[in-house]
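Each remark here refers to the structure printed beneath this line.
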Amino acid sequence: MVKGRLEAFSDGVIAIVITIMVLEMKVPDEANLAALRPIIPVFLSYVLSFIFLGIYWNNHHHLLQAVRHVNGRILWANLHLLFWLSLIPFVTGWMGENNFSAMPVALYGTVLLFAAIAYFILTRVLIDHHGKDSILATAIGRDFKGKISPVFYAVAIPLSFVNSWLSCVLYILVAIMWLIPDPRIERNIT
Amino acid sequence: MVKGRLEAFSDGVIAIVITIMVLEMKVPDEANLAALRPIIPVFLSYVLSFIFLGIYWNNHHHLLQAVRHVNGRILWANLHLLFWLSLIPFVTGWMGENNFSAMPVALYGTVLLFAAIAYFILTRVLIDHHGKDSILATAIGRDFKGKISPVFYAVAIPLSFVNSWLSCVLYILVAIMWLIPDPRIERNIT
Amino acid sequence: MVKGRLEAFSDGVIAIVITIMVLEMKVPDEANLAALRPIIPVFLSYVLSFIFLGIYWNNHHHLLQAVRHVNGRILWANLHLLFWLSLIPFVTGWMGENNFSAMPVALYGTVLLFAAIAYFILTRVLIDHHGKDSILATAIGRDFKGKISPVFYAVAIPLSFVNSWLSCVLYILVAIMWLIPDPRIERNIT
Amino acid sequence: MVKGRLEAFSDGVIAIVITIMVLEMKVPDEANLAALRPIIPVFLSYVLSFIFLGIYWNNHHHLLQAVRHVNGRILWANLHLLFWLSLIPFVTGWMGENNFSAMPVALYGTVLLFAAIAYFILTRVLIDHHGKDSILATAIGRDFKGKISPVFYAVAIPLSFVNSWLSCVLYILVAIMWLIPDPRIERNIT
């Protein structure tokens, strides 16, 4: 079974999710700078989610490189990941429109947490299918970032009710951690 | 005539349908847990439709694997299927926003029924074009699930006016039936 | 220059146009049959536009089959076609929400007219690039349907101010004409 | 690392951005010509942005032709470009709905400026990866248009507060400059 359509469908969903998020930035009626001010938190939450979705697309791209064949379980593990990613526009809009207050920031982290778990499940299902000595298993490796990210989210969710800005700092730290290139992985793939 | 664009276009439409459904989950104005409560039925109907669209994408993916060539009739049979799938966001939103009351649940089943019929027509048109002894015809086989699903919908539609939750149970049963892997088909394709 | 991305981009735009049209069908607040009644004309206009976009996608699919190489002019002729197609959701919504009254029906025809002209220009630019003796030129042939369609639209636009339903009949006639398979073209391509 | 998914994802995002812009053209309630009048500036800003996005897609298409391999930095440089392009529907809607008044026209230019810078960064990152003597570097050449465009935007942004129509003229001049075919580049690619 070829992986081409799995990639194409995932690309399509992530591209749409990343783009419809911008629809949450409602065009203001007034044409002055003051009218833009309430949009600033919505814009900031958009930037954060754009980066997270970019990271997911990037990692998905890398992961699928090493995939040789897919089966029904893999298709569903992938759809499960896309499901959680599809909820990002909703929580992004809620967080931005309520100026990063406790409950929306906690729900944002919850969706990120479930997306991270879904990604982890996808890697396990793929390794299961390709074998522990496959190029894929080697490319995924110990997956330190994949394992530490859910811990950050799990801390950030309750922390949000103490100080929601601290939770946002944790989300940003996770994003930065993923943005720092990992030469070991790129070398492995080559 | 190559099937690549047929797959790409179908992937595109299904990816968009699955993603714009989430736009029916309107971001609430308040930032507390109570504000999320009216969204719960919308969310549940979203989950159900996400699974149904996932099943359709999965089956479409499998079906097209065995396709060798396409013609005008096949393109239109496929567009006919996509038409019914494109109505799913509308009925999903109506069902969720009205807390699974009788009429929306019946209309939801009606759209699922027509989508199932459209999928059945697509398989017939494909077998017609490839021959009864083709790999495609063998892969489709007796198509038990494809034939029993419309029966479930046809029962669920009138049943909705008696008890709409029973209809939802029937929809969930159909989804579970399709989610259970069918090793025979995967073996046939290999 | 390869044509793969031209096809992929066109597929993407047409898939999105065909799907966001459904967003014009606003989910009604009430959960009864009466609440669906005002949506019926919107639904009918959606069906008509779905068929027209399906015809365009089909024809575009056939046309690009015979294309060997693309250049800047072809890319822009194609974008010009996509521009007019992208206006279809707007005119479809306006026509449906105003129950097929004169002005919206005339504007609907105007957009169809410009789309037909854009498609005609695209075929000319393609023949120009491939030569009059190319397979492409033979496949396009006399292009009777492509030449008669704009005439229908040009009649339907002023006619709408006399009786807008007659214009709709003309639009439906054009759609039927394109839906009737043309064995000569399929044979030529083979 | 293959470039196929980079192209597919970029095509997807640009196709969605170009299409959801049309959603800013809200369907009017009345069915007469007067109801269309307030939509005219929204339509004009849509046409302008459609052309700009068409130019970006065209240039991206050409640029990627000469690309041989991609790495993490290239993926992010590309996502950075897509980020600025994704903001175009928002600024297009704001500019159109406020009849091309000073602040929205300035913000429109700002987004175009950042998109131009992002495109420039993408070309540098690509040349960096392929070498200064690569076909890619030759194809990009001195990149006169790419260097002069940001200058136009940088002039247009403050100018908007003097006369916003003059800024629009500058935007149109940039668009025309890119629309004029550049035979040297097409020759180089061949």
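Chains: A, B, C and D, in written order; residue numbering restarts at 1 for each.
The rule we apply is simple: a residue touches a chain if its C-beta (ideal position, glycine included) is under 8 Å from a C-beta of that chain, and two chains touch if they have at least 3 such contacts.
Chain labels with UniProt names: A, B, C, D = TMEM175 family protein.
Every value quoted in this text rests on a predicted model; they were computed, and no experiment measured them.
Residues touching across the subunit C (TMEM175 family protein)-subunit D (TMEM175 family protein) interface largely differ between the two copies, under half of the numbers being common to both. Rotation angle, subunit B (TMEM175 family protein) onto subunit C (TMEM175 family protein), C-alpha superposition: 90 degrees, expressed as a multiple of 5.
Mean C-alpha positions place subunit C (TMEM175 family protein) and subunit D (TMEM175 family protein) at a centre distance of 26 Å. Look at where the CA atoms of subunit B (TMEM175 family protein) average out and do the same for subunit D (TMEM175 family protein): the two points lie 37 Å apart. In subunit C (TMEM175 family protein), the residues that touch at least two other chains are 8, 12, 16, 20, 23. The part of subunit D (TMEM175 family protein) that touches subunit C (TMEM175 family protein) in the complex is made up of residues 7-8, 11-12, 14-16, 18-20, 22-23, 25, 27-33, 36, 47, 50, 54, 57-58, 61, 64-65, 179, 181, 186, 189. For subunit D (TMEM175 family protein) in complex with subunit A (TMEM175 family protein), the touching residues are 1-2, 5-6, 8-9, 12-13, 16-17, 20, 23-24, 71-73, 75-76, 79, 82-83, 86-87, 89-90, 93-94, 97-98, 101-104, 107.
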